[in-house]
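In the two complexes that follow, chain A is the common piece, with chain B as its partner first and chain C second.
So, the complex of A and B:
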């Protein structure tokens, strides 16, 4: 340890190019790897969640970008007529969220409300840590059974009730906690798979026909924007489009399984490929720069190495010192990434941001740890290449008395 | 007298991209304990290469080398390093100091690698070396703040701090004035006289060479 400390403090750190240069290069490599890995993992998770869309007969609604939404024309009767048509003719998965309410809780978080019908609930197979599955056959007007996120379970255990001023129903209602979701259950955005909403501080409502019928137009319209029609055909969808057009004056596109599949492959797979290839190329460039950096450093330190080798340092010990030094640089960088990531996650709690607040070991969620693990793996590969290059260069210029003359 | 070095080199080859040079062809050297040997010859004949081999720095040659009765050719690099630390002292030109360290730290550098070595080192050993060489006033200075003579003596002090059985001196006086040159040579011979240390000096200076027990003239291989 004394020798390691001596070589690092008296030789390595005296050569700025090795000390600062290597830290910066490794920092770049680690940051790029971490960001890319997390982005890929997050997109993959989102893709897994939305896999159920990739079935024959599934169509997803999407408001045509050229369709103008005029709220003066759109009325509750029109949207109700659309839902009546949907209820009578289709199996559909309904989901909408983003409604924020204030509900007292020990973390003082704003609470996000999510609404889903039974089809959507079945498709997503939400994992619970406590309680039982959502019941959709409740009597409207009585207590509504709900699922809550882990963050709320400390204040509202299973069986307890929550009173809220519900905006989509426009009245005060009582909710009964039927189950608690596992920590960090999320919902990925269909159009940005790596963007997620976490349910740790959410209340999930079971939506049935009666609920929709009593809800205001905001819920009805929002739900229609992403409605997923199941077990249907192109002809039936065309009829639905007509009904929407007639009643709401809006043009909706309904994308089929093939269109969705093509979209995912063209957009996400392509994006993932670009991210992977770009990351790989950048890592190769950084590794080459690191090799150049250490080869220059070895030339600058050759006299110091020679003197140390003459008085008792061995190549095997030098190799260990090189690896130890690289390990320390890597550890420093990993610590920085860890702190920045943990701080970002913690920032969501400080901002009381209910949709991004997550639970995890030291603040990091599984995806972060996996990305860090990939950074460690890339550091090991870069480390072996760089250190072996250093040793190769050191041995290539024979340590001899001539070096000192 | 006890044979301390028994070296037999068939050839040592230096390769470059365009050519290869063979030196020390069929060279043999036996050195007794306490002997003072000077190695002379024109540039490029292999004087420093010979010192590299004797000093266990270079093993890339065709031949056999027995040091203090042990065949060194197959030793592990860590064993060679221990030999260099405990048995061999290198006295080099005055530039062979690490500029980022004080003179004292430079001199004590071999102690860092002594670890759990066989030799016991006492603080008074350091004091006696410093006093004998007369460099106490410059111990806290950095090499760049010292004169050439002071640096040469510091390098000498580092070379003898472990009380080695063999001192390998590579042009130790090459860039020194007459006064400092004499000082270094006197110190070398004092070590030989007091501790029976074997001295092998590579030099271009024939006057210094002739003050050794034996002078070996190296010639270019044909």
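So, the complex of A and C:
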């Protein structure tokens, strides 16, 4: 330890610029690895979530990008007719969110409302930390049982009621907290799997036929945009498309399991490959620059190293010192990345951004910790390459020559 | 070359350092022009494009390292030159001129690349100013080795 302190303070720290250079290069390598790892992990999480809809006989609706939506033509009767047709002929999973309301809570966050029917609830299997599962057979006009996110559970424990003045039903409604979701439960966007909405400050409504029938056209139309039709066939889907076209004047595409897999393979796998290859190339470039930097360091510090080697310092001890020094530099970088990530996460709380506010150990969620672990792994690999290069360069020059310098 | 502190390997090293920084800046500009239809790739690249100036600036540190180690290595040579009649002023001027020649050469190369890709020539000019600042700061260090 004494010799380590001596060499670090008397040799490495005397040439601070080289140390700073190494820290900056490592910082770049860590940032690239961390960003790539999070992108890949986030996409993988989104893909895992959507796996339940990639089944035989399941079709997902999507408004055709070329279909123009004219709200003057679309009426409540048209959308009601579509839902009547859906209720009579199909089993479907309904989900829509993004309705923001103000509900008093200790964190002063705006609350996002999500609406889902029983089929969607069964497909997703939401994990609860408190309370019981949602009841979809409630009497319309009475208190509506809801699930809330962890962030609201302090203000509204299980069994308490929440009054919402403005709702999709066009009147004030009273909600009863039936259960609390586990922290950081999320919903991935089907068409951008790496993009997520966290439910920590959300209220999830159980939606039944009566609810949809009494809801305003916004909820009905939004619900149709991502509606998932279960246990059906291509012919039945074609009929549904016709009904939607006749009643709403909109063209909807319905994607099957095979089309979803093809889309994933073509779009996501291809993109993930590009991200991985780019990251790999950048890491190689940065490793080369790091090797150049340490070779320069050895060239300038050779005199000090060789004098220490002459008075009894062994190469194995020198190797340990190099690893220790590189470990300190890596630790500094990891700390910086940790602080920046934690601050970014905390930024969502400061901005009162309810859909991205998350809970986690020191502010970091599981995905961040996993990405940090990958950064540590990449640092170890770079560290081994860099330290061995340093040692190789030191060994290459005879001690006598080094001392003469 | 006789009066220069630079050897061909030093010139090559500095040229590579400059080319790397200019190329990195050019790469960012090129990525910005790509019409990507992949949301995921766009989101990934946004993490870097947003901090383009900062990332390029951090990478210019390799040029600082070059100047630092170059002058450290040449301390004996500087001292010997002064011993045989050269002056610190002359050595400094030669050092600045050599660095500027390499910089101008690399900048012209990058400007050609910019013209070829139809990019604005001013997009990487800020790097020239940064590198000139580094050259001037490092040139002041030459006099440090007046006394060996």
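In this text, the second predicted complex is superposed on the first by the 393 of 405 C-alpha atoms of A that agree within 3 Å, B and C clash if a C-alpha of one lies under 4 Å from a C-alpha of the other, contacts with A are read in each partner's own complex, and residues count from 1 in each chain.
One rule holds in what follows: contacts are C-beta pairs under 8 Å (C-beta built on N, C-alpha and C of every residue); 3 or more make two chains touch, one makes a residue touch a chain.
From a predicted model like this one, the values you see are computed outputs, not experimental measurements.
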{"item": "Which superposed partner A:193 touches (first chain B, second chain C, both, neither)", "value": "second"}
{"item": "First, second, both or neither for A:293, with chain B first and chain C second", "value": "second"}
{"item": "First (chain B), second (chain C), both or neither touched by A:89", "value": "neither"}
{"item": "Partner chain in contact with A:36 - chain B first, chain C second, else both or neither", "value": "second"}
{"item": "Which of chain B and chain C A:155 touches, first, second, both or neither", "value": "neither"}
{"item": "Which superposed partner A:308 touches (first chain B, second chain C, both, neither)", "value": "first"}
{"item": "Touched partner set for A:130, first chain B, second chain C, both or neither", "value": "neither"}
{"item": "First (chain B), second (chain C), both or neither touched by A:276", "value": "neither"}
{"item": "Complex contacts: residues of chain B adjacent to chain A", "value": "48-49, 51-52, 55, 57-58, 60, 76-78, 80-82, 84-86, 90, 92-93, 95-98, 100-101, 105, 109-110, 112-114, 158, 170-171"}
{"item": "Complex contacts: residues of chain A adjacent to chain B", "value": "2-3, 6, 10-11, 14, 303-304, 307-317, 398-402, 404-405"}
{"item": "Chain A-touching residues of chain C, taken from the complex the two chains share", "value": "20, 38-41, 43-44, 47-48, 55, 58-59, 61-62, 64-65, 68-69, 72-73"}
{"item": "Residue ranges of chain A touching chain C (in the complex, touch as defined)", "value": "15, 17-18, 20-21, 24, 27-28, 35-36, 39, 43, 191-195, 267-268, 270-272, 274-275, 289, 292-293, 296, 299-300"}
